[in-house]
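In what comes next, chain A is part of two complexes: it sits with chain B in the first one and with chain C in the second one.
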Partner chain A sequence: MADNIKITVDGQVVETSAGENLLQACINAGILVPHFCYHEALGEAGACRLCAAMVSASADKPARLEMTCMLKAADGMVVSLNDPYAEGFRKGVIEDLMLNHPHDCPVCDEGGECSLQDMTVTTQHIHRRTRFPKRTYENQYLGPLVHHEMNRCITCYRCVRYYRDYALGDDFGVFGSRDRVYFGRVRDGVLQSEFSGNLIDVCPTGVFTNKIFREVYSRPWDLQTRRSVCVNCSVGCNVLPAFRHTTFRRIVPERNDEVNRFFMCDRGRYGGEFTNVPSRLKTARFEGPCLPVEEVTARTAAKLKQIAAEHGGGAIAAIGSPRASLEANAALSMLMKSLGGRISMFANNAERDAVRRATAITVSGELNIASLPEMEKADFVLCVGGDVTGEAPMMDLSIRQAQRAGAPVFIISPRAGKLDSFSTNSLRVKPGEESSVLDHVLSGSVPPKGALSGEQTDFAEALISALGSAKHPLVVCSVLHEDIGVVDAAYWLAKRASRLDRKCAIAFMFPSANSVGAALLRDDVAPETLHADISAGKIKALVVLERNLALDGSPFSDIEAAFSKVEFTCAIDFHENATTQQASAVVPCASHYSSFGSFLNYEGRAQRFDSLPIPGEWSRSAGEMLLSLVEATGNEEAIGEAAFSDVYEITPESNTALEALAVGDLGNRVRLAGKLPVAKSPRRNLQTATHNGLVAWNIELCFGSEELSMLHGPTRELAPQPFVELNPADAESRKLSEGEVADFSADFGLVAPLRLNANLAPGVIAIPVLKTETAIVPEEVKA
Partner chain B sequence: MLRGLLTGLKITAKYLFRKPITVNYPEEKPFIPPRWRGRIVLTSDPSGEERCVACYLCQAVCPVQCIDLQAENLPNGRRVAAKFDINFARCIFCGFCEEACPTYAIQLTPDFEMGATVRTDLLYHKEDLQVSGPGKHPEYSFWQVSGVALDGKKAKGEAINEKLPTNYRSNMP
Partner chain C sequence: MIPQTLKTELTEYVKHYPSERVGLITVMHKLQKHYGGWLPDEAIAEAAEIVGIPEPEVEGVATFYNWFFREPVGRRIIVVCDSISCHLCGCDRLVEHFKKRLGIGMGETTADGEYTLLPVVCLGNCDQAPSIMIDEETYNRVTPEKLDEILEQLSAESAKGES
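Take a look at the complex of A and B:
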C-alpha cells in the first residue's frame, strides 16, 4: 500500500495504513491491547478507558496517556502499553469496574470466555478494597433466546451500539444516567430482532448469555468443537458447533472474511438444536424389525439389485436432497448410476427450473455475485420478489449496513417484510408482476401509458434514477417463491445495469443450504416426471436421502399413497419423520453438525464442514452410509475413480479446487462447465393461480419456514400460529374482519385466523410457510 | 565381621525399648490430622442446601481428570450439579479441587478407609459425596454474596452487602 506508515508499539515496529484505528493496528500486528468497548464491526466508543497507553506523536516528543481506540495511526507514533503509568491506570479502571461487579463468576455462563475475567486476572486485582454495598439491578425477560443478568454490566455500550446502530433494532436501548445506566427493553418481552443472539457475543462480560446453553451448561474449555457450515439457509455462515458428553450444546459464529465475519442470525445460532431432537434415529430397520446397520445395508443392496435384475434399471429411482452435502448426493447419484436408476433433486418442476436458472447465472461467472462483505459496500440495493429477513437473514443484516452507509434500498415484492422499514422506495405488486415492472426499468424509458399504474411508474422512475448514479449496485432476488420469471427479470436488470465503469452485483436467495450443489447435479430428472412414473407404477424401488417429502411441497406430499405404489422404499435420514415412517427400509445417518461434507452456498462458494464423530453406528455421515450401500451392490470400483466433475456440472479446475478444499478455508466459487437445461415454464406456476380473486403468496418466516430449525428447540417457540393475511380492502369486500377465523378451505385448503395487512398487495392472500411437524419419537426410544 | 554384627544388634536393642509408631489397625485407629487429604465430600451451606454450584473449576484443575460433572438450573434460580462423579480409582488426593472451589463445597476429609474389591465401587456419585454439614468455613454461603436473584426477584438486594435494585428511571440525584 502506498499509504503505509510505521508506528512503534513497545519497541516493536508495526506497519499499518494511515488513518487506521490505532487499537486495531496493534491488534492486526498481533499485539494484544486490552479493550472492552471497541469492536471491529462496531468501532470505538471510548467508554471503557481500558485501552489506555502512553502515546507520543514521535520519539522526541513527550508521551501522554491516551485511549488508543480514539486515535488514528500516524507515521512515527510511539505507543507504550507496558509503561508503568499506563499499567497502573488500567489496573485502576479494572478496580473501578469491579466495585459493583457481582461475585458470581462460579455461576456466570460467560466464565472462561469473559474479557472482564481475563483483565481482572491480568491486572492482578484480587481484593476489593471498598466496603460499600454493591449495586444491583432487576433483570428482564428478553425471550427464549437471551438471558439477561444486568448486575454484571460494565457500561461499555457495545450491546446498544450493536442492537440499535448496527442491526437497526428499535426495541432495546439504554436508560438512566450516572451509575444507574441500564441496558434493556422498555418492558419485559421477546427481543424482536432476528439477530439478537449476537448480543451474547458482543457483550464482553456476562450480561447477555445463551439461554438454551445455560440450561445444560458446560464451560467452554470442556466443549469439543469442529468448524462447520450453517445448514439453515443458503448463505452458508461459518459456525462452530460444540458438543459435550456426545450431545450438541451450542453454536457460535466462526469468522470467515468472505462470508460471515462477526455475526450470525438467531435461526442459525439456535436452529442447530435439531441435533438433539428426541426423534433422532438410532437404529436401522428393514421391513419392520430393527437390525444392525450393516445388515440393513446388505439387505437393501440385495433388494435393489434384485429389482434392477427383474424390472431393469428404469424401475429404480432416488430422491436426493438440497440440504444434503455434495458428497452424499454424489454417492446417491453413483448408486443410481451403478443400478441404472434415475435421481431427482427438487420438490417440484417450478422449483427445479427456478433454482437451476439462478444457479446457472450464479456459477457461470458472467455477473458479479455479491458476498456478504460486498453487499455491505453496495451503494444501491434492489430486493426482488421475497422477504430477505425470512429467506436469508444474514443478507438482510448486510443490506442494513449498506443502508446505514447511505445506499438507497428498493424493494419490490407482494408483501412488506422487516427490511421495508429501511427502504427508500417499496412497491407492492401481485406475485409474478415484479418482472413486468422491472421490464420497464430495463427499457430505461418511461413506459407507455396504461402499462403500469401510477405507483408502479413512480417506483420505476425512482429506480432508474437511483441506479443511474450508483457505483456498486446490487440486486437481491428470491428463488424460494419458485418463479423463474422473477429470476430472469433480476438477471437481465443486473446484466443491463453493468456498464464499462461498473458491474452490477447479484445475489439469489436459494431455498436450501446446498441448493446450488443440488442444481448442478448431472442427469437429474424432473420431479413431476418421476411422480408420474410412480403413480403409473413404473417405479419399483425408491431411495430417499435426507428429505421429509411431507413438508417440502413436492408432488409426493401424500407419502402413504405414493409409497404404496412402490414395491420397496428406503429412507436415509437422521430423524424419524413422515417419510421414514412409510419407508420399508430405514438407514440412520449423522445429523448435519455431526457429519462431514461440503456445501455450495448462494454464491456457489464451496465450503467444507467437519464434525466430531459421535460413537454409534447411527452416527456416520449420509455420504458414508451411501458409499457402503454402493459397495454392497458390488460396484465399489466406480467410486474410486469418480471426481466431483463427473457428478456435477463443474469445470475440472473447480473439481481440483473442491478436492483440495479444507475445513476452514475461505472457499472458492465453483464454475459451471456445461449448461443447465431449464424447461420453458410459465412465469407463475399453477399452484398460485387465482382462486376467488386471490393469488396465494407464501410468507417465508425466519422462524417457522425452515424445516430443520423447526424440529426442536427454542426456534419452535418463536414460530407463529397459523394465520392468513389479506389487504384490508380485500377483507372488506369479503366481509371479513381482523382476528376472525377465515375459511379458505375450498380455494387454498386452510382455515386460519385472519390478519389484516395494509402492506400486502391487493388481491393477494399471504399464507405463512410453517414446517412445524411434531416430532415423532421412534418406538425404541419410547421403550 | 563381629563388629558389624554388634553394631546392628545395638541399633535393634535401641529401638526395642522405644514406643512403637505403628498401631494395631484396624482395632486401633491412628491419629489423622484434620487437614489430611482423604475422601472427598460435598458440603452444605449454613442453611443446609448444597453448596456446589457446578462451576466446573474442580474438574478443570483436576490433574488426573477424575471428576466429571454436569450443571443444571433449579426453578428457584440456583445452579447445582445434575451429575457429580469422582473416580477414586484415579484420584490422587492432591487437594487441588478443594483449593479451586470458590464456594467451599468440595473438601477433603481425614477419612482414608475407602477400600473396595471392585473398581466400579470406587466411582462415587453425587449422593455418595454429599454430606449434611458445612465442614470447614461453616459460615460461608455463596448465594448470599453473589448478587444472584433466588426464588424470583425479591431476593435481590436482600443478600449480604448489596443495595436494593437500582431505579434507573429516576432522575433524582
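Take a look at the complex of A and C:
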C-alpha cells in the first residue's frame, strides 16, 4: 500500500491506505461494523443506514453522524462506533427495518445465518411498538434453484446490484417505490443467469433462499461441513459442502482470494446433488454376487496378479480419470507400475494432445496464467474457440467484471455464447479456423488475398489495434473442443503479445476438475493405442477409475463391445453407471464431496479438499480403495515412499509444496519438470470432417454438458432437450425450418428438433453435449 | 401492438439523445396515451425494445412514478393529497364526498370508466390545503361544495366533447 495512513476506531489505531472505503478499512482491521447494503464485491450504496458512526476528520474537530460506507479513509480520522448517539441511531434503523419484516425467524430458512437477525439481536430490539398490519407481497416463481420470499425484504438493493450491475443479468430488477419496493422479475419465470444462486448469499436476510436446501432443511448449526473444491469444471472454486446425518444438504462458496472469492456458479452450487444420487453404489461385487469390499479387493488383487503371471504385465491396463484426485490417479498409476501394467487418462488422442499441450503451457511458467481476480483486472480480453459460460462459468463472471471496467472483449468461435452480448467484436468461424485468423494477428502482415474474408480481416485488425494499447491483456482459450491447433494459436498469440513492459496472461478452460493433474501423469498411454490393444485381445485385465466411458466420447464408448474382449474388468466409482454395469468387479468409493484429495485447477493450482468421515465401507476415497488394492497385491513395498513428483511431471519444489498443502490454503501452483512429452502426431482436428457441407460443433452447456451435475438434482431440469442448430442460410438451402425434426442420423448420428441460429457460423451444425444419462438404480437397491 | 408509424416516430425520437435511455419517460408517456391512459404488459416490452434496455428497467420506471399506470384507469385521474397540511385541513372529508358522489373509494374507478380516485403525497400547495388534482389541473382550498361544482363542470365538458 503506497499511502499508509492511520485512523482511530473506538480508540484503536488502524492502519489502512488513503482512499480505502472507511467501512472496509474497519472490517479489514477485524472491527465489526454492522451493515447490510455494503458488500466487498458490490461496493457501497448508502441505502441501509446501518453502518452509522460518529466520524470526525481529526481528534480536535467535532464529530458528526456519518455512514461509514460512504466515506473514504483519510489520515487522522476518528471513528466512534460505540458512541451512544450512533448506537441509538442504529437501533432506530433496525426498528424501522423490522416494521414490516415478518416475525418468522423460528421457521425461516435463513435463521441462524441471517444478518438481520444478528443485528436485531445485537441492538436488542426485542419489543414491537407498532400495531398496524405488516406490508405483504406476493412471491414469484424464480425457477428450480432460488426461492423468493419478498415479505422479508429490507430494501438493501444488494440483489439487484449483484444480479444486474455485477453479473450483468437482464431479467431481474427493482420495481415500485417507498414502502412498496419489489425485487424480482417482470413476471414469474426461471432466472436466466448462470450465477443466480449468489442472490442467496448476497441477500442479508431470507428473501432469496436455496430451494433445494429448503426441502432437506437443517439449521446451519446442525450442518457438518468440510472445506472442499468444486468438481463441476476446471476453475476449482472453493466450496463448503454441508452434510447432516451423512446425507448431503447443500453447497455454499467459500472464500479463496486467489480463486473464486465471494461467488460461484449455479452448476457448482447445485451440481453437488450427485452426492445423493439414488444410484449410489454401496456394495462391492465380484463376478456377480455382492460381497464385502475387502473380499472383492482381495479377489480383484488375486485376479490381477494371476493375469500378470500368466500373460505378463503388458496384459494389464488401467483407465484413470480427470475428475479423480491426484492421489487416486497416483494410486492407480502405482498399482499398474507394481503389476507392470499401463495407464491411460484421456478419452481420445485429440483430447489428450490438446489437454497435454495446454497443461504444458500452463505449468511451464513461461506465460502468466490469469487467476480469476487477475482476469477481472484485464484491460483486453480475447476468448478463443469455445463458450466460456458453458465451459468455465466463473471465468465468464470474471470477464464480465473486466468488461464493466472498460476492457474490450473479443470472441472468436463458431457459435455465439452468452458472453458475446457483452463483446466488442465477435467473429464466427468454422471449427478450426480460429487459428488461421489468429495466425494473421501473429504475423501482423497483410494476409494474401483470399486467405481471410473481409469480416475476418476486420476482426483481426480491430484485435491488433486493441491489443496494442492494452496493459493487461488476457487470452482465454477452450480445450474442450479437443483442438490442439487452437491451443497453439492462443499460446503463440499470448507469447508474442507479451513485451518488456507487459505480460499477456493466458487461461485455458479444461474439460474436467483435475484435467491438468491427469495430463501431468507420467507414462500415460494414448487411449487409441490402448483401444487397439483391447480390440486385438492383448489386454486381459482392465481397471477403470471414476469414469463412465459411455459419456466421455472415448473409443471405449461401446463398453459392452470393449469389455467383452477383456477377460477381467474392474470399475471403481461412487455410482452405478453403464461402465460399472459391464464390469466383472465393482468397488464402491466415496463421491467427491465425501472424499479427500487434491486437484490441479486450470491454473495448475493445487488445492486440497477434505471430507467428513462417513461410516460405511463404501465411503472411502477412491485413492484409499486403490491403495488397499495395491496392498492386497502384496506390492506395497514397490510403492515405498513414492512422492507426487515420482508420479507426476512436477518439480521437486512443487512436490514439497504439494505435500505441505493444507485444506483451506490459497493453493500452490505446480511447475512442470522438464518437458512434457507431447505426442508428435500432426495437428489434426477431428471436427473438420465435413459431411454434406456441414462441420459438427459441440455446444458446451452450463447445464447439460457436465457429467456429475447431470446425474441428479435441479441442474438436470435446467438442461435442454436434445436439439440441433443451423445457420438460417444452411437451413434454407436444405429446406429445413425452425422446430422441424431434422434427420442427421446418416452423418452425425442424431435426429432432433432444429433451431435456427443466426449467430452460428455458416456451414456448421451445432450439437449440444448432453450427458443426461438416466441414473441406473443398482440391483440391491431395487430389491 | 402499436402502429408502425408510432414505433418509427418513437425510435427516431430517442435517437436525439446522447444516450437513448434518456428518452424512456417520454416514450412511456406516449405509449400510455396510445393505450388509453395505462401501460399494458406489451407496452413495457415495446418501450424496452424502442429504447434498447432490458424490460425490468422499464417496469422499474413504470412502477416507480405515480403517473404511469399498470392497470386500466378512468378517463380522468383524481388525486387527493393526504399529506400533513391537507390531512389537517380535511382531505378525509373530500374522500368521503367522492365516495358519496361517485361511489368509488381510494384506488377505484367509476363503473362508467370516467374517474379513478388516487391518493398523493403533497401537491406542493400546503398553503392552500386541502388540494386535489384532476388530470393536469390543480384545485385548492377544496370543499365538498366546491367539489360538486368541479365535477359538474367536468361532466358538462365531457358531454360537450361527446356531442
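FYI, the second predicted complex is superposed on the first by the 772 of 783 C-alpha atoms of A that agree within 3 Å, B and C clash if a C-alpha of one lies under 4 Å from a C-alpha of the other, contacts with A are read in each partner's own complex, and residues count from 1 in each chain.
What we mean here is this: contacts are C-beta pairs under 8 Å (C-beta built on N, C-alpha and C of every residue); 3 or more make two chains touch, one makes a residue touch a chain.
Worth saying up front: this structure is predicted, and the values here are computed from it rather than measured.
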| item | value |
| --- | --- |
| First, second, both or neither for A:222, with chain B first and chain C second | first |
| Contacts of A:245 with chain B and chain C, given as first, second, both or neither | first |
| Touched partner set for A:135, first chain B, second chain C, both or neither | first |
| Touching partner for A:214 - first (chain B), second (chain C), both, neither | first |
| Contacts of A:170 with chain B and chain C, given as first, second, both or neither | second |
| Chain B versus chain C as contact partner of A:11, first or second or both or neither | neither |
| First, second, both or neither for A:185, with chain B first and chain C second | second |
| Residue contacts with chain A in the superposition, chain B compared against chain C | B |
| Chain B and chain C footprints on chain A, overlapping residues | 175-177, 182 |
| Complex contact set, residues of chain A against chain C | 164, 170-177, 182, 185-187 |
| Of chain C, residues touching chain A in the complex | 41, 44, 54-57, 59-60, 63-65 |
| Touching residues (chain side chain B, partner chain A) in the complex | 53-57, 59-60, 70-73, 79, 102-103, 142, 145-149, 153, 156-157, 161-171 |
| Partner chain B, residues of chain A touching it in the complex | 102-107, 111, 131, 133-139, 149, 151, 175-177, 180-182, 214-219, 221-222, 245 |
